[in-house]
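Per-chain residue numbering starts at 1, and chain names A, B, C, D, E and F are given in the order in which the chains are listed.
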Amino acid sequence: MSDEERPVGPLDALKIPRFAGPATFARLPRRDEVTRCDVAIVGVPFDSGVVYRPGARFGPAAVRQGSRLLRPYHAALDVHPFAAQQVADAGDIACNPFDILEAIRQIEAGAKELLSACRRFVAIGGDHTIALPLLRAVNERHGPVALLHFDAHLDTWDTYFGAAYTHGTPFRRAFEEGLLLRDHSIHVGIRGPILSPQDLVDDAGFGFRIVSAMDLETLGVAGVVQRITERVGGAPVYVSIDIDVLDPGLAPGTGTPEAGGLTSRELLGILRGLRGQRLVGADIVEVSPAYDHAEITAIAAAHAAYELLSLFATEAP
Amino acid sequence: MSDEERPVGPLDALKIPRFAGPATFARLPRRDEVTRCDVAIVGVPFDSGVVYRPGARFGPAAVRQGSRLLRPYHAALDVHPFAAQQVADAGDIACNPFDILEAIRQIEAGAKELLSACRRFVAIGGDHTIALPLLRAVNERHGPVALLHFDAHLDTWDTYFGAAYTHGTPFRRAFEEGLLLRDHSIHVGIRGPILSPQDLVDDAGFGFRIVSAMDLETLGVAGVVQRITERVGGAPVYVSIDIDVLDPGLAPGTGTPEAGGLTSRELLGILRGLRGQRLVGADIVEVSPAYDHAEITAIAAAHAAYELLSLFATEAP
Amino acid sequence: MSDEERPVGPLDALKIPRFAGPATFARLPRRDEVTRCDVAIVGVPFDSGVVYRPGARFGPAAVRQGSRLLRPYHAALDVHPFAAQQVADAGDIACNPFDILEAIRQIEAGAKELLSACRRFVAIGGDHTIALPLLRAVNERHGPVALLHFDAHLDTWDTYFGAAYTHGTPFRRAFEEGLLLRDHSIHVGIRGPILSPQDLVDDAGFGFRIVSAMDLETLGVAGVVQRITERVGGAPVYVSIDIDVLDPGLAPGTGTPEAGGLTSRELLGILRGLRGQRLVGADIVEVSPAYDHAEITAIAAAHAAYELLSLFATEAP
Amino acid sequence: MSDEERPVGPLDALKIPRFAGPATFARLPRRDEVTRCDVAIVGVPFDSGVVYRPGARFGPAAVRQGSRLLRPYHAALDVHPFAAQQVADAGDIACNPFDILEAIRQIEAGAKELLSACRRFVAIGGDHTIALPLLRAVNERHGPVALLHFDAHLDTWDTYFGAAYTHGTPFRRAFEEGLLLRDHSIHVGIRGPILSPQDLVDDAGFGFRIVSAMDLETLGVAGVVQRITERVGGAPVYVSIDIDVLDPGLAPGTGTPEAGGLTSRELLGILRGLRGQRLVGADIVEVSPAYDHAEITAIAAAHAAYELLSLFATEAP
Amino acid sequence: MSDEERPVGPLDALKIPRFAGPATFARLPRRDEVTRCDVAIVGVPFDSGVVYRPGARFGPAAVRQGSRLLRPYHAALDVHPFAAQQVADAGDIACNPFDILEAIRQIEAGAKELLSACRRFVAIGGDHTIALPLLRAVNERHGPVALLHFDAHLDTWDTYFGAAYTHGTPFRRAFEEGLLLRDHSIHVGIRGPILSPQDLVDDAGFGFRIVSAMDLETLGVAGVVQRITERVGGAPVYVSIDIDVLDPGLAPGTGTPEAGGLTSRELLGILRGLRGQRLVGADIVEVSPAYDHAEITAIAAAHAAYELLSLFATEAP
Amino acid sequence: MSDEERPVGPLDALKIPRFAGPATFARLPRRDEVTRCDVAIVGVPFDSGVVYRPGARFGPAAVRQGSRLLRPYHAALDVHPFAAQQVADAGDIACNPFDILEAIRQIEAGAKELLSACRRFVAIGGDHTIALPLLRAVNERHGPVALLHFDAHLDTWDTYFGAAYTHGTPFRRAFEEGLLLRDHSIHVGIRGPILSPQDLVDDAGFGFRIVSAMDLETLGVAGVVQRITERVGGAPVYVSIDIDVLDPGLAPGTGTPEAGGLTSRELLGILRGLRGQRLVGADIVEVSPAYDHAEITAIAAAHAAYELLSLFATEAP
């Protein structure tokens, strides 16, 4: 490509130390600094949909801070995610903390605007409520998608305190709205007590399969990748990562922790196994920094985002 | 009084260590364990009205845990707050985290029910939104009251993101609803940048006076007590303590910290100076334990509650 | 069963948010609120038997707080632990922090009283000293039992500073008192330096086998379950879980941490493999919240307790 | 002033929540977003000059995060610091962490460039080493200045491990280089053990006076302001605030903590008393966030910066 | 004095950085490294006497770590505490954590041995139980002494759970044993709820006066010094500092925190006012590092010790 | 061996509790207390070579504190590491924090002096810069060695900000200086983004092989041991452990954390597999306690050191 088309990468760490410089994701350029945007990193600081510990509104700032050590080359995938495509930080989508429905509209509008100019996005939450409007925007561009969902929880509840739109319900709503391909979606990392067997019946009825966290003990990373690959079956895939898919001992900075989760190595390994899938967008949610320590949760989330960006880059134009 | 009328006090710490036993406030009996209730301690775990750091929904549990060391006798006021009156823990008022207006109705109903059976309450928040429905309940019983408000912030804003009922607006709403006596209310501890001079004009228009945190440097505790006494002028007083009145260095566990606050000694000293006032109810709000350390904020709040209970006891039946 | 026999379960989280309501385990009823008690959860806030970091006296309160997210249905075991049996929170057994022998008598008396009314208990420590009096109570009802002991340490030392009853000695004492079945007991998770080879000789002499933490690398969860099953051999089993069986990186809130431990997924997986065993009681000890972060240790302990309750439920009347 | 001259202020918090939006100081515009810059906020993430706890390299990011709650109007000084002058965030001055002398040159060059375009700056450290090159830049524009120095330490040592340029020596070097007016400089907040009486002799020889932290007990805020005013005597003043002037209990996030410090209220009160002085520049240094808790140190530093900006505004063009 | 008599001071910080070198108090020589010992610093890691949060057994290590920044010259008292006398670190007195009475005997024996060779000691606890055996040792050498006691609590209770020797009882026992001069002892910093008015009656009966924490608001540091001076009346004085005399917001690392305490500046100022008193020994107790943050409590304790050492030096041989 | 030759071991924990006594590694004797020293534990508190989070200067003190629970017998290796050889704590090598080159010279000199008297050492960092001078000293005694390097990073960069000697470059420099055997060195645990593919080309050119962290998922501990064994091929081995080889969730107290690391069980298991190798020395670096929690990182490092000492003991004289 010509010089003017060459993507603008992160700041040069040999000139500006990693602890200095702007607080964009991986010290990448802001979206307004580049003329082209293949992938937008966008923050969605909204957490009014949570049922237990709040605080994910501070997630985008934390994940950006946790991304300062990300370097330009992914050796395992042999790709330069910031050179093969223009990645830019699109800032935050401002949304109303006091009105969930208005916030959902704001996020949907923001995401659609992004997709009008950028090919893909990785959204940084915020709580899982944000996945619904993000999927709506993805749907407008790609039609129904397979959902690859990493989480301790199904997030296919119906209502909570009469509220239909919370961080426990996005994927039931998404299914009802026709945003998800039937029989191509899958949850990975499910564990912990649930409300009733009906939760599982409903979930299966929405076309989901489940790889539980405990399945990792027998399937291993490769086995889980195979299950995902079979399930997705070549469909366009939206990846939604609730950071509570990780064990709370490794990723304490989150709101509804359940013991017995994945390690970050397992998560990164599974993501890496997605090479070749048709990824259309992604979110990483539920990083709640008030419960984090030494940025460990934020760093895990930043590395998960880096895997996604690298996967995008393997099929970049 | 006869034996059956004698208030049931906290568990005996010489038999059950303070780190053991039920998680009621000061290890007092639950409301359902006593036949009489002069003062109810009630939790209001609601924080959906906050504009910055959430988490005060965990405040009631934290303050109860921070109250385990409270002993039965207040030497400076020479009173036994748990013997001069029946204090009981009324548990939490459950409220909807997704619907502020419904939550306010639930809190109002809960507080009215309490006041139908108990003479007074000390409510433990929760964010400052809860003061409005609490004042409505107090008003039903006592009519308009003088408000003695400890806080870094005025909390007389109008709206935020279009929302009229948040933790920044309870006292403007209370004034508009006629719940406050004009010219008898006072803020103590105000500090930090504000939005505009109009905030002060409005606030004065609602009949408030201000003792700023910096005034403590010149007035001292005694001077502030005098200002309060003059302002209140013998009217029935409702005390609302936002724990962010304390310096964030001393009380980090809160949501909208402002440097330059009061010490807990100053707060306790001022409260102690209220002896002789006609106190009709109180709340202590904005303890957000995810930001606390070693329970220091919760302990300060628990001690402030103890001062209020002791003041109540000085005029107990 | 008839309506009046139907167990009273936890508070309904769709009406009372999980961050609200009483601080009982999993928000279950207190023992005095129910007429029947199949399983008692009981706190034993005693830590005067520790040799290094104290603080487990605050363990029961922490584990109860960490249990607020536990929901009613265990999918992997397909059981409703709170519906198949009446589980109730029996509060704390008060014991003397200054006199280990008296404390042991108090715990033994408390546990015996519990077992006079409840079929089984899960005790929440407290340090491991408490296992001895708990086993005495179990013995009175069931005779000698197989001990399934999860721990980094053998806990079969003899004395320490001349003291025969500490958190390092309960199972030697239990063996000497005839509380344990010879040749049916097993330690899981043992690791770290020990005092001398004689420790192992003694331990074997008391009839124990060992599955070390490092064995997990080769045996996996299933292999460990098989070893346990073979060892226990159908005998009545008492399960004692020292939370330091987990890696200190995942469960820092404990007093004698040793690197190289189990993950919580491994622990939960092994427990789940006990389905079909004859469990007669259990304890979970050594949660020391002053060293915990974001409740991760307490949550792991609460989930382990949930597994035990679910196992109990699979063989409930 | 005309519309195009009106300063661009912070983001509107009624549209974009304070936890969202860019990580500039107080969410102000970046310097490259405005055509005019009266006051630059500039980060200097350098901490290779420290003798004890490092980490102030992360100070600028922390203080910016701690500044998100700063609102537009300073009531006590009756000034709008962001409207009376254009304040902009000039980002960080990148400097070499491995070569103190080169870093000092980089900081000096960066500050001179800033002052070629902006009237004044408030620099956010970094460690106190940075004050020397900042004073050099100020000197180029204003000639020698009075130094008003808030600190627990004199910072007029000679060398340490043979190094002449560390965070313990900037003001001896500044004096030697003729950057300071003789007999107009003053330290405020000095306390703690020192190396020898010669330290004081040297310091006096460089023309400094001292107000110790303990003097606050007798002088109070007003008395200290008077001492400063007399000492400064109308000269142009550079203010250098080492955050360790505050008590470590209130501001733990710093590198060389000494017990017995100022409260943030005292610091803000003294700063406020500088109204009318000719302030030519300022720095706030030694915020080390790895030792901070709940941002309390960063918030204190952000508020001190706000006082300085407000003072600047009282004499803005 | 001759060269061989010149005290050996701390390591030279210009050669060995303060973060390096041995973990003795202030990096002073060990007692076995010097031939003379005027003042011994001795750790007493015992905390089995506490009624609430344990952990002070780790106090000596924490205070030593917090003392690394102490430098050789005390400017306000114009004294070199490490040059005017030989100060040495005598290590820890090992004591039985499972037997309070034996531990007390061990501490008494250890302290007597120390005083057989060293003129004075500053003991670092450990919980307040240790003051009794320390006073016994002091009594053997000096006879009854005036007690200057800094604490939130009286520590003149009788028994707790039947135990006569706990951290709540040392000074009643000391009085009963004739170790204290009647009518010369004084508590400073008392606050918080107590068990009953009888506590005060008993305390007065043992010859104590009280300066409460709230008295600081009116008396100030100078006024408190005057009260102490009058009370002590020239008698030999033993100083016992429970670190909980400080506000828990400033010194969270302690076991029985009470809101409304002293600042470290007040404590250091009062200590400094003791110049001229006949100090015979001292302890600093109840530093519990598991609850500390960034060493702030340990640093406050280390500075208090430095004041005591400096006072000793003003009257050194 | 005769009595006078019998190594002096750690303090007896049955007489002096583990939380008491000197702060040497594992409470072993100091080097100056023993006449013979087979293995020296030496601290190297230097962190001026780091590119991101500093603080490893406090690593030696933290690891010593984290080693207090280490007991005398290693069951899996069936060896008494403190009895089979004289292990002693040689204190810290003081080095200049302001001059990397001088510090490297000081460390080299210190290590050479150590090796003139002690057969081997385990150095506790400090940052990874220290490995170069340590290897120089080892080379003087043993000639070129195989390097077994546990780390998330290659540490074979060339320069950073023009500096050739930082914590990212020691092994390129070591190779250039001929300190390493070509074709016998290996990195274990590598992961995370790197600068460019050239990093890998260079690294291979210096004769390194790589076992990535992700390889553990397929190879397991035994497979990694086999790879190491084959690579080392009987050569003398120097082991360098950067604690960031562990997952940051398990070992947060470090400076350049990368998600997806090893567990401490894996690290200990691999080390244990080195039995029979010819180990000539070792370091454990990059423990940065300001980011640690509850000593979990320090404890992991202490246990790794214990494995090394035990390996040494298996081939002790």
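Operating definition for what follows: contacts are C-beta pairs under 8 Å (C-beta built on N, C-alpha and C of every residue); 3 or more make two chains touch, one makes a residue touch a chain.
None of these values were measured; they are calculated from a predicted model.
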Partner chains that chain D and chain F have in common: A, E
Furthest chain, CA centroid comparison against chain D: C
Turning angle required so that chain D lies on chain E, C-alpha fit (0 to 180°, nearest 5): 120
Which listed pair, D-E, C-E or A-C, duplicates the contacts of D-F in over half of its pairs: C-E
Cα-centroid distance, chain A relative to chain D, in whole angstrom: 40
Distance from the mean Cα position of chain F to that of chain A, given in whole angstrom: 37
Chain B and chain F: spacing of chain centres that average the CA atoms, whole Å: 55
Contacts with two or more other chains, residues of chain F listed in rising order: 15, 17, 19, 51, 53, 57-58, 97, 160-161, 247, 249-250, 263, 291, 293
Pairwise touch network: line, ring, star, complete, or other: other
Pairs of chains in contact (touch as defined earlier), listed by label: A-B, A-C, A-D, A-F, B-C, B-D, B-E, C-E, C-F, D-E, D-F, E-F
Residues of chain B touching chain A in the complex: 47-51, 53-55, 57-58, 96-100, 160-163, 166, 290-291
Contact set on chain B toward chain D in their complex: 51-53, 160-161, 192-197, 199-200, 212-214, 216-218, 247-250, 252-253, 256-261, 263, 291-293
Residue ranges of chain E touching chain D (in the complex, touch as defined): 13-15, 17-19, 68-76, 78, 80, 220-222, 246-247, 249-251, 263-269, 272, 293-296, 299-300, 302-304, 306
Of chain F, residues touching chain E in the complex: 15-17, 19-23, 43, 45, 57-58, 60-61, 64-65, 91-92, 94-95, 97
